[in-house]
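Which chain is which? They are A, B and C, in the order written, and residues in each are numbered from 1.
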Amino acid sequence: MSGEEFVPLSLTPLLIGTFAAIACALPGNFLVLRKQALIGDAISHVVLPGIVVAFLLTGAISTWPMMLGAAGAAIVAVVLIEAIRRLGQIEPGAAMGVVFTTMFAAGVLLLEQTDTSTVHLDVEHALYGNLESLIWLDATGWSSLWDLQALAGLPPELPRIAVTMLGVLLFTWLFWRPLKISTFDEGFARTIGIRTGALGLALVIVAAIAAVAAFDAVGSIIVIAMFICPPAAARMMTNRLETQIAWSVGFAILSAVSGYVLAGYGPLWLGAADAVSAAGMIATMSGVILALTALFGPCRTRVGAHTPA
Amino acid sequence: MLWDALSLQLGYNATLVAIGASLLGVAAGVTGTFLFLRKRALVSDAISHATLPGVCLAFMLLVALGGDGRNLLGLLAGSAASAWVGLLCLNWLTRHTRLAEDAAIGAVLSVFFGFGIVLLTVIQTMGVGRQAGLEGFLLGSTAGMLWADALIIAIGGAATLVLVMILRRPMTLVAFDPEYAAARGLPVHRIDLAMMGLVMAVTVVGLKIVGLILIVALLIIPPVTARFWSERSDRVVLLAGLAGGLAGYIGAALSATAPNLPTGPIIVLVSFAFFVLSLFLAPVRGVLAAVLRHLRFQRRVHIRQGLLALAQGQKIYEPLTLRLLRRADLVRADGVATEAGKARAAKALRDEKRWEVVRADQAHEATAALYDGLRDIETVLTKDQIAEIDHRIGGPQGVPT
Amino acid sequence: MLELAAVQGVSVEDQGIEASPLAVRGLTVSYGQKPAVFSVDMTVQPGAMTAIIGPNGAGKSTLLKAALGIVAPLSGQVTVFGQPLEEQRARIAYVPQRASVDWDFPTRVIDVVLMGLSRQLGLLGRARARHKAAAMDCLNRVGMRDFADRQIGQLSGGQQQRVFLARALAQDADLYLLDEPFAGVDAATEKAIIAVLKSLKEGGKTVVVVHHDLATVSDYFDHVFLINTRKIAEGSVAQAFTAETLQSAYGGRLATAQIDQISRALG
């Protein structure tokens, strides 16, 4: 394919999908190891009510209020889950189920009550985004990458998700050691002065920010898939956390690229005329990768001595 | 208006929906309880999301065979098949790989749902026009419900309920103590699968009314609500059925009173309202009761500790202890014990000494196990026993000032 | 002091809280509505090896965890080397019970030991060759040098315990707190651990161990702290580890014959 076609139509969605996948997979590693994988699921469900409330408050579809609304909803959800878990002495899974389904229901109800017919705001969009439409019309070819005027026409989702990904990378790099120690052995972490409660909350907030930024571009279904599938697949490949992180990033990129390409060109190869959902295909590919590692990964099963009774 | 709705006088369709939703609520509440007691509540999330590819494939198959893609029975059969596949994947991942159940749930739900969305976009381009209302399965849509649809839901709900009742004993055993159940010769793995099968049945039946995202709420919220009110599993099951049925009935009636009140979300919100009430107000497990209990307990600990310190002439450092002792008129403002304080302190110390005798004596082993530093010795021993112990300790001791 | 003092052996009350590596006053901890530890005072003697003993569920581990701030007490104060805990964290090394850790975690033995150096390394410092050499040295002291590259889940229970001890050694602390280090380990491991602990003591460090095997108390330790929800006794083994205090701590749960045997062993 020539640069004239690739750069305007495919480069930006590919980059956005890849960055979103990495931003979610990084904190996902720790969430999966902490047995909090479904926090990602909860967060991605409550993004909808957050966005609807932001829309009701500002009366317009603009990016920043909506992202703030979504992030706010994510934090409200996390606090509510924790409160219900402690106050009612309910296991975390059930507490999560109570909170995110209720908030999602409230979001759907608010949406139905609001006249959003004039604006593009609907549940389907929230679920699977519109990665395919994030094209760069000002680009004419590879040379546009150095053309300031063309760069100004980049879809704004691209710089947003790029900045988010860098932020997530920075967080992981800065707090690498405390994150690792407190995930492995929380009691020990506290005795050396790590504030494990605050760190755990920070991790969830970072995950929420990644989820919201990614959601803005690619919809919530990829968000859940990327939080869980690449880290889970990576765990089957290695017994070292450093290596696991590297594998998970690799798997995230592979899912994003292969999913996007298959969604765009797969149907053409099969003789159909139209592309299918890129977000859905990326999630599907991450599942294929997980299935392969679960069948053939060198470290796929539990071995050795286990937690004594 | 609301009364009309509650008394089923808002017309044919609304009545149909209300009856269907109540039955669904009861079935979901009862089934969900076993899942909740087994600590696997969110498995339902994976099962419900895994229905989407089946719905789409069934639609494509029906159209390809020249039938009507919207045949509810066909679509439900498809959804059940793919939910079952999702469930098997989930089981395989947790049993044969090192993935924990939460990660396996997340993986199955996101991948199956993602694949379902791919299929939805395929249907969009199949040239059969619209998606034939398949999005309705995401959030439920009761607007154009037919008599036949309602009948399917009612029969499905009732059948699920009957199956739950038949299987309730083994399921309770497995949820409570899987190892004991296995030791008694119960096929734990198969009972687990049967439990999941019932959850799947509820999900499939509920697709049309509340949709696949919100059916999870009906499986989780009523059991959690019911758990606040009883410590007995059979009662929790009944209460959860009641809470679910009421939420379904009231929710469906409410949504019929005005336009733009979608049935599924309203049912979930009514259910949540029950939950919040229970969380705060339930008599033993409720938050209010627990807070009061904890304050009372903390007060007892501090006063007891303060009295023992007084009796032994030690300085009291804790500000809270001092404040509580002062409020009870046991010490004066300068920290010196009052007459009442001295008497109570001497008694506390003497009780402590009596406990020591009890704990050192093998004859009192069962009683000694009750020691927690707070329990009044009079509540566990008879007067004669105490007198006998006092005899061993010797006469009353003075209290240092 | 009244009659309680007679049971408590030597009263160490108010003697050397300033100097004590770990002093606890009026500590009460409760899970739910039953106190696990009730109004306990403890003054650990510097440079000694102290065993915390008592029956199952007597609050031994809870006492240690509350002293370290891992569980929140209902009341009470803790001082470490005469100062608040937070200021003295760097001087404490803690070896938790094996059951408290996720053994499936993707990490190698050497990485676990390097965790002990995290205070030295700070937030961003990366482990260099000298840190790795130090960690290997600690592994060597517990006889686990050859296992440095294994994933921790692949070790036996005793080996896991030794790795934990190596991590504590890497912390180079002045006060070592160990929670049931001998529970469910093989004889070789027990020997290796006790040798390391004795060498720590010879180096002037203070060691506190939650211990369950009464038969080895007088061989391994020089001080004991007996607890059964309340403090029963505290002092040197000769003074506080007697038939009387054991009876008081264990009540009917310890067969009289066993106590006789122990007191005979004690002379």
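The definition used in the following text is that contacts are C-beta pairs under 8 Å (C-beta built on N, C-alpha and C of every residue); 3 or more make two chains touch, one makes a residue touch a chain.
Every value quoted in this text rests on a predicted model; they were computed, and no experiment measured them.
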{"item": "Length of the shortest touching-chain route, subunit A through to subunit B", "value": "1"}
{"item": "Most central chain, Cα average position", "value": "B"}
{"item": "Most distant chain from subunit C, judged by the mean position of its C-alpha atoms", "value": "A"}
{"item": "Interface with more contacting C-beta pairs, comparing A-C to B-C", "value": "A-C"}
{"item": "Centre-of-Cα separation between subunit B and subunit A, whole angstrom", "value": "28"}
{"item": "Centroid spacing, where centroids are CA-atom means, of subunit A and subunit C in whole angstrom", "value": "43"}
{"item": "Computed distance of Cα centres, subunit C from subunit B, in Å", "value": "39"}
{"item": "Multi-partner residues of subunit B (each touching 2 or more other chains)", "value": "98"}
{"item": "Residues within subunit C bordering two or more other chains", "value": "104"}
{"item": "Junction residues of subunit A, two or more chains touched", "value": "235, 299, 302"}
{"item": "Of subunit B, residues touching subunit A in the complex", "value": "36, 39-42, 44-45, 93, 96-100, 102-107, 109-118, 120-122, 124-125, 135, 138-139, 213-214, 216-217, 219-221, 223-224, 227-228, 260-262, 264-266, 268-269, 272, 275, 279, 285, 287, 290"}
{"item": "Subunit C to subunit B touching residues, read off their complex", "value": "1-4, 7, 25-26, 28, 30, 33-35, 38-39, 74-77, 104, 228-230, 247-248, 251-253, 256"}
{"item": "Contact footprint of subunit C on subunit A as seen in their complex", "value": "33, 174-175, 177-178, 180-181, 183-188, 190-193, 235, 238-241, 243-244, 299, 302-309"}
{"item": "Interfacial residue positions of subunit C with respect to subunit A in the complex", "value": "65, 68-70, 86, 89-90, 92-94, 96, 98-108, 111-112, 115, 118-119, 121, 123-124, 151, 153-157, 159-160, 167, 171, 183-184"}
{"item": "Complex contacts: residues of subunit A adjacent to subunit B", "value": "32, 35-38, 40-41, 45, 84, 87-91, 93-98, 101-102, 104-106, 108-109, 112-113, 123-124, 127-128, 221-222, 224-225, 227-229, 231-232, 235-236, 263, 267, 272-277, 279-284, 286-287, 290, 294, 299-302"}
